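Below are two complexes that have subunit A in common, paired first with subunit B and then with subunit C.
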Partner chain A sequence: MKAIRQIFGGNLRQYGMSFALILLLIFFQWRTHGIMLTATNAQNILNGYSYVLILAIGMLFVIITGQIDLAPGSVAAVVGICVALSIKNWGFPWWAGVLFGLLVGIAIGAWQGAWLAFVGVPGFITTLAGQMLFRGLDQYIGKAASVPVPKEIRYIGNGYLPEWGPNTGLNNSTLLLGVLALVAIVALEIRRRARTLKAHGTAVPLWAMVARLAVMTVALGYLTYLFGSGRYGTSFPVTGVILVVLVLIYNFIATRTTIGRGVYAVGGNRAAAALTGINTKKVYFLAMANMSFLAAVAAIMYVGRSTATGPSDGVGWELDAIAAVFIGGAAVSGGVGTVIGSLIGGLVMAILNNGMYLVGVGADLSQMIRGLVLLVAVAFDLYNKTQGRPSITGTLLRGLHIRERGEATGMERPRAGVAQS
Partner chain B sequence: MSDGPVILEMKSITKEFPGVRALDDVTMTVRRGEIHAICGENGAGKSTLMKVLSGVHPHGTYEGTILLDGQDVHFANIRASEHAGIAIIHQELALIPELSVTENLFIGGNEVATRGVIDWVEARRRAIELLARVGLEIDPDTAIKNLGVGQQQLVEIAKALAKDVKLLILDEPTSALNEDDADNLLDILRSLRSKGLTSILISHKLNEIAAIADAITIIRDGKTVETLSVADGTVTEDRMIRGMVGRTLESRFPHHTPHIGEPFFEVRDWVVEHPQIPGRLVAKHSSFYVRQGEIVGFAGLMGAGRTELARSIFGRSYGTWLGGEILIDGQPVSIPSVPAAIAHGIAYVPEDRKTLGLNLLDSIKDTIVSAGIARICRRGVIDLEAEDAAAERYRTAMRIKAASIDVGVSTLSGGNQQKVVLSKWMFTEPRLAILDEPTRGIDVGAKYEIYGLINELADQGKGVIMISSELPELLGVCDRIYTVFEGQITGEADARTATQESLMRQMTDTATANPTTTVTR
Partner chain C sequence: MGVAQGPLLTMHGISKRFGAVEALTDVDLEVHAHEVVALIGDNAAGKSTLAKIVAGALTPDSGLIEINGEAVTIPTPAAAYNLGIATVFQDFALCENLDVTANLFLGREMHGALRRSDEEMERITREVLDRLASRIPSARTPLGSLSAGQRQSVAIARTLIGSPRIVVLDEPTASLSVGQTAEVLTHIERLREMGLGIILISHNMTDVRAVSDRIEVLRLGRNNGSFVTQHASYEEIIAAITGAPRADALRHPTGATLSAVS
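Presenting the complex of A and B:
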């Protein structure tokens, strides 16, 4: 275990979920007689679920602040219809339609963020209202009709990277992406090791780094092969490229920027964050605004894939996103969660769904199983956290805890869900 | 009255928390029908003793015996002690604001219920009866939120009476009341005493104790010092103060030679209103100054308004600012927010580390850089190497005991947590450090280290404001001490000449305080 940790870093929780993900893939690969891990199916999974994973990224930040957003599905519906109508009826070029859609998303996000941050209406209420409000607005604008979108939008939701150059047996765009990613990973890894050495004088042993890079190379090589070996004209999908770019950007925001630190600080202890000089209102506002922005991105991908808008676009999306975030290890009480964790959580749900579909499990049973998986994943998480970190039980118990006056001895009163070791 | 039969005996009560002995062989005897006062400094163990008595700390978590009416009692929880006839009224009222007086009085319902169904007609009849006993002439259907604090306090007492209470414990019942309400409350207690009710009164207001108590138990550092009988006629406030503070100043403080420069930070005529209660002032025209290299103490009892004053200065992070100005280097400055306060070189280390000072999910490293994060950032992106370097520097300088800077702050001891919080604020390179109860809840050895760090800050030419409820600490560490009482600065003393007695007098003396507690806006 120690060796694994040295190779990969990170925490047990993320291993748990990554491990579950790999097990799921193997299981379904066996049950579907190899259909699970074919190029076509892998491409389908990304095209079919990228939008949920992108929503999960936005939802993660909202949940870290200790809030929840119930509206992204409705927001996506409004954005979808705005994009489609602006192109079809108002004569916008496709890119202007996309831009318009993103602006609508940001505007709606600002609206919701303002109610939460500046009026103080809890996120649950603000966005429950938003869910109804924007679902209604979608139907009002779209008149419940289906509006088609042009081929450029369809490319965003269902397109593939071009074929070019010599015949390598793989899609060359995919191959290029794989090689670039490998170079970037190796370069970053070497740079990080050098910097850590300089700062601390010690770093992970060289063998561990080499082992890690070897594992990554194999994984990356396999993915390149998997996505690149499909029928002619297919590649790593455009939706996947958008997803990877967003994951990289938001992971950077979460781990390396002051605004990211602010989000964790507000979720971890709002009063302390305020006394530390963090603008808590700004954090809430940005988290909400960003969620709706990403809902707009997801909406454009989704209408592109479905080639037209429809009155039930986005119904229930928020719940998939919330499930992904919690399976990915976020805490209901806020302050805890990672972009990568949420991505893995979303993939677990996506592969379950896809795998059961392939095996022929009905939608009814599939839904039940996914519900149980969410329950068990969070329960497992709780079990792991009983020794320390805040958890759902901690949050619930905190409400029951009798408030005591801390005058007596200045004794450190145990707070439910917080480590006392 | 002090010669009635014994109703309660607490014998050799010892209660330990990890690392601290809160109560050490405390013994106390209460006679039926008396008002028995408990006094002692903040942290002396008064509330812990009452928590032992009322079952908040259940039987088995302490040593010693409690005899109620001669019976050895073992309370497993608060319900058990209530069942035995002990009711405790906390400083923070436990009434539900949205419900009516009747509903609050019978919140458990058992007294007026048959097989779980509440008879509201009977409840209302008994509510009127109970309210009459505490001298309240109000409609029992009034919602609690529409009552004043004094009336709410009386409803709490009525609630205790509804349960056939034998022994009523009041924890600082008058601290939130104005003088009229406080007098009224004391009158009610007297009349209840004449009807045979026994009460235990915890209060910081020594004049009240002198006026009403039949017997006084003084606790100091978790030990019973003495029990005085008021009937002797020898108990004066001075006598009580001597009992409360009478310990020696051993070598608990590191030696320090101050190098005091010019005044650089000044607050004039500062007025702040309570954030929830309009008209109630938590700072009343306070004026003070701090010199470079000087450690200025703020002494006052809990609730005197020291924390409120400090936080209102720290970017108006408490209450509503009504007036007054802050001058830095003689220039008036506007500090309307916490970031502005940090930018002006003010740091505030809060009294409650866990709820206001720390994000317990964070590592040492994240915490140390959190307030001064702009120092290790370029265009909003954190330089992780600079972060590590800064955290390591403070871990060494502040002697934080931890395996690494990546360790979670929740796993540290109180003293080390406090050092992390101090590091967090030193990283902002402040000119004025406001330390609110910096040694609360940490052990003696760690306290000594914190005192040393405070002296180092002063030696760097920074101004330090230290708020503390422990007078020996203020006398041992500070150069100059202000006393605060009910939101007002009641005195200023040179720490070399001040005594605990003189400070305590200014901290409790109503004569010097302005009697008006409200203003019209």
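Presenting the complex of A and C:
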């Protein structure tokens, strides 16, 4: 147990969730006789659910501030129709249509953010109104018609990276991405270790870092193989690339920036945040605006995948996003939650959905099961919090820090040669 | 660097109402460098309101604030921080979901171009915690798992971040043990030695008499007496707090005029 802690550090909760995810994958791999983990199915999952995961990232920030957004589905519908119509009827080039769609998303987000931040209407009400308002607007603009989108937009929602170069047996773009990711992970890990050593004089032992990197390398290698080994012309999907880029950016914002700290502070204790000089209005405004911006991104991916807009685009999306965030460990009262957790929460839902579909479980039962999973996941979190421990994470972290103060066991004193390089 | 002769902080004619409640009416207050001013008074006398005005958390309806003789406005807590004012609020204003380091630097995080300088902030946090001899296990302990007293230590530690000239402490020892209270009083004395001006709000007369140089009494939102701590008798002070008929006790160490209560 101690060894595992040292390898995985403070992220044990997230690794625990990843572990649940892996169990789920293995279970369905068994039940579907190997269909679950084929390149085609993996690509389908990403193409079919990336937009929900992206919504979940936006929703996470809103939920951390202690608010909720019920409108992203409707916002997405408006953005979808704006993108499609601007290209088809107004002669916008595809990229201008995309840009226009993103601007519409930001504008709607600013509208909702303003009501919350400057007028003080609670997010629940603001966005409930927004849900109706923008659903109506979508119908008004779209007249319930289905408007097709050009192939460039379809590429965004359903495309694959190019094939090139020598025959490696894999899609070379995917292979390249895998290698780049590995290099980045190793470099970051080494830099992080150096930083910790400099700041604390101690860090996790070298063997733990090597073990962690080994685990990551195997996982990354497998993913590269899984996505790269599909039929010719397929790869790690474009939707997946967009998702990964957004996850990296938003994880950085949440964990490493001042504005990210402000988001957590506002959710944790709004009055305190205001007294310490955090601009709480700005935080609320940005969280809301960002949610609608990401809803616009999701909308463009979604209409691309469905090749056309439709009157029921975006219906119920907000609920999927909210479920993902809470399964991912966020607190209803705000102040708690992580991007990676929400991503994993969303993947749990996606894989359940996809797996049950493959197994032939009907939509009715599938829905019920996912509802129960949400309930149990949150109940489990609450149970842990009421056990006299602040949370699973808190408990584990405390264990780690006693050691970090250098009192005992396992922590390596800086040694020349290890500290450098 | 030249030591200003006049007061560090001057508040003149400060008034603040909340709807029908006149929390402060025409209040004056001066704080000099190297001076601890105790601000005392009954519950709802307006002490915290005055502290929040200094801290930039509230803006007065009228009145003048000067720092080193220069008129200033303190519209936000960030402005207060930039003017060198550090405040410990009565309800300590901390975030339980964040760790000690995060709380210490809340609202004034150190950062590079994009990234927060977490390692640097943690290093300073550990220094500060050591200096305060606080019983806080680690700079990364989430605040939610600290005791009330430990949290108060964190709130007080916030005044050691940056280089404040004026420190406002609103009931900083309310939930502290005897030992911890002594630490805080020592800390206040240390701040005074460093040349800061300190406003200490407290209901504890023993603490007030132990560290303060001057005692300012607020009653129903008005100045109701100013005492040199050394010369003030317990009875005089109590009389000023409760509004009982009192011996005229308006004395001032520097001889500067304070508005007399008539």
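Methods note: the second predicted complex is superposed on the first by the 383 of 421 C-alpha atoms of A that agree within 3 Å, B and C clash if a C-alpha of one lies under 4 Å from a C-alpha of the other, contacts with A are read in each partner's own complex, and residues count from 1 in each chain.
Note that in this section contacts are C-beta pairs under 8 Å (C-beta built on N, C-alpha and C of every residue); 3 or more make two chains touch, one makes a residue touch a chain.
Keep in mind the model is a prediction, meaning the values are calculated, not measured.
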Of subunit C and subunit B, partner touching more subunit A residues: B
Contacts of A:Leu133 with subunit B and subunit C, given as first, second, both or neither: neither
First (subunit B), second (subunit C), both or neither touched by A:Ala295: neither
First (subunit B), second (subunit C), both or neither touched by A:Ala274: both
Subunit B versus subunit C as contact partner of A:Thr258, first or second or both or neither: both
Shared contact residues on subunit A - subunit B and subunit C: 195, 198-200, 256-258, 261, 264-265, 268-269, 271-278, 335-336, 390, 402, 404-405
Interfacial residue positions of subunit A with respect to subunit C in the complex: 195-196, 198-200, 252, 256-258, 261, 264-265, 267-269, 271-278, 335-336, 390, 394, 397-398, 401-402, 404-405
Complex contacts: residues of subunit B adjacent to subunit A: 17-18, 20, 22, 42-43, 45-48, 51, 56, 90-92, 171, 222, 302, 311, 314-315, 317, 338-339, 341-342, 348, 350, 352, 354-362, 366, 370-371, 373-374, 377, 380-382, 384-385, 388-389, 408, 410-411, 414, 424, 437, 440-441
Of all residues in subunit C, those that touch subunit A in their complex: 55-57, 76-78, 80-81, 87, 89, 91-98, 102, 106-109, 111, 114-116, 118-120, 122-123, 137-138, 140-142, 144-145
Touching residues on subunit A, where the partner in the complex is subunit B: 195, 198-200, 256-259, 261, 264-265, 268-269, 271-279, 335-336, 388-390, 402-412, 415, 418-421
